[in-house]
Amino acid sequence: MNPEPIRLFVTGGTFDKEYNELEGSLFFHDTHVPEMLRLGRCLVPVEVGALMMIDSLEMTGDDRGLIVEHCRNAREGRIVITHGTDTMVETAAALGRAIRDKTIVLTGAMIPYKFGSSDGLFNLGSALAFVQTLSHGVYIAMNGRVFSWNCVRKNREKGIFEAI
Amino acid sequence: MNPEPIRLFVTGGTFDKEYNELEGSLFFHDTHVPEMLRLGRCLVPVEVGALMMIDSLEMTGDDRGLIVEHCRNAREGRIVITHGTDTMVETAAALGRAIRDKTIVLTGAMIPYKFGSSDGLFNLGSALAFVQTLSHGVYIAMNGRVFSWNCVRKNREKGIFEAI
Amino acid sequence: MNPEPIRLFVTGGTFDKEYNELEGSLFFHDTHVPEMLRLGRCLVPVEVGALMMIDSLEMTGDDRGLIVEHCRNAREGRIVITHGTDTMVETAAALGRAIRDKTIVLTGAMIPYKFGSSDGLFNLGSALAFVQTLSHGVYIAMNGRVFSWNCVRKNREKGIFEAI
Amino acid sequence: MNPEPIRLFVTGGTFDKEYNELEGSLFFHDTHVPEMLRLGRCLVPVEVGALMMIDSLEMTGDDRGLIVEHCRNAREGRIVITHGTDTMVETAAALGRAIRDKTIVLTGAMIPYKFGSSDGLFNLGSALAFVQTLSHGVYIAMNGRVFSWNCVRKNREKGIFEAI
């Protein structure tokens, strides 16, 4: 049970939003994932790379194509993707239709990591556990639960993911 | 993939240490696990119960017997135990020898949750993920890794768990 | 040197911004000032009241009139006001021209309190100290410094207050 | 009202206690005061120097002599000292009897800064404000209040400072 290396692709999302003190607005600066892995004292080898830093509402078909391409070309068979929650299901579907021989887990956060009360660290911990134990497939891991890409939707009124 | 209910037994450990401002020392007051589950917006049903609130260096054979008893009698087949790291391996061994028809995951923290920089939330997230996906057995989940109870030791110099 | 009671009027501002997880935007919910006073273990009697909960860019002349009115009518001679930084100078001027027999200190934050890295608690501590020690007048206290209302401007490029 | 430079002497105390994850105990590593000044975005020039890093219960007469000496020799007329609360009154008395031509404010924390719920940032903000506004003398600033060195005691049951 020696840990296989895991690939982690950052795409932005609430996870990585920061507060711009000059504008009083939210923006993306740099990913907090390496800092979160240090905070979690993560001892599994995780290779982090940022593919983009965007709000998932702004993600285009080309962006999704890029994510699929990077997952397909990654040497690792186990991949975590941090992603905005609004279109996480769409990206999971694009991956699920294209890639069948890897374990890919998408995760995110409802509250930015830089806010004291974020769910991000909890979600990152569970995503890294799910990606090590689940068989090939594409999954969404949020708030303790895990869903196959074709059995999940985001309930926007409640702000949660649920099985369909 | 509807989530089965999970049983979570609290035994104390670094996880739940607090700072006594009158004495300037560390002590146990009450468990922070329910607060951590709220912070993680956990949507898996988790039933939390505190069996004891002690430093694991003070845990006796009787205490371990009590933990085994509670795990055996729990209705749930999936159990997480929060535990001090110093004797986590001993408790895992007591459970591993006694119980073979459940999935039990022990977890803890190197830094108390009430300290801003705790690994506790990350570990709790991964423990809840491992307990949902691993087959029957007793495991230790710390810092992204998971070990079977009979293949792990704590390296006290480095303060980490490692495979044996 | 028994502490006189202090009046604290909340008007909103960055101090009290929160993250709306359904919308992914910032909003005002309720003031965090009582929680901050508890965190600071404040032992000076402070009476907190919210006059409004708005971004100071949206503050109108009527809003400023209301703040002046409440300060004039307060029984206390020492008043702290939490306020957005964008128009803090304007509100201080309205107060400075109208009220000469009280000590009034406006303060705020560059980063919302609910973000882990806020300057709010530091500013609140200093505002409460300045209001207890300065003579009658209207002041702005930000980031360790204090300015009379008619000797200060906000440098918007740098996001700081400076003497004029 | 241009800010005079302030001298800040660190002596240790709860302020700067950290958690040793290998031992599970509290210890002193390095001072957090510069990090706290950055968090407070402090714009007053503060020169920080550590004289010692100890629990104030272990502070000897020699240690107090050293503190008095450093305060006397400092170029600055305004000095803040971070100090454990247990013997803060004794050190204040040693300073109060020896130095009459400077403004010296001692402050501390009931909870270590590295714990999420510390009163340290609030106290530091108020100490820096008091030291800028009070006349010559030696003071203790804790939890929003300020006391002259010869009118204060620590109430150990309640864990607070009170006037005598």
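For clarity, chains are labelled A, B, C and D in written order, and residue numbers in each chain start from 1.
The working rule: a contact is a pair of C-beta atoms (placed from the backbone, for glycine too) under 8 Å apart; a residue touches a chain by one contact, two chains touch by 3 or more.
As the structure is a prediction and not an experimental result, all values here were calculated from the model.
Within the contact network of the assembly, the step distance from subunit B to subunit C comes to 2.
The chains that touch subunit C as well as subunit D do not exist here; no chain meets both.
Across the assembly, the mean Cα position most removed from that of subunit D is the one of A. Annotation: the subunit B:subunit D pair of sequence copies touches via predominantly the same residues, more than half of the used numbers being shared. Spacing of subunit B relative to subunit D, judged by their CA centroids, is 39 angstrom. Computed centre separation for the pair subunit A/subunit D is 44 angstrom, with centres defined by C-alpha atoms. If you average the CA atoms of subunit A and of subunit B, the two centres end up 26 Å from each other.
Under the contact definition stated at the top, the residues of subunit D that touch 2 or more other chains are 110, 116-117.
Interface of subunit D with subunit C (complex): residues 1-3, 36-37, 39-44, 46, 110, 117-119, 121-130, 132-134, 141-148, 151, 160-161, 163. Here subunit C touches subunit A in the complex through residues 14, 17, 19, 21-22, 24-26, 55, 86, 110-112, 114-117, 156-157, 159, going by the rule given at the top.
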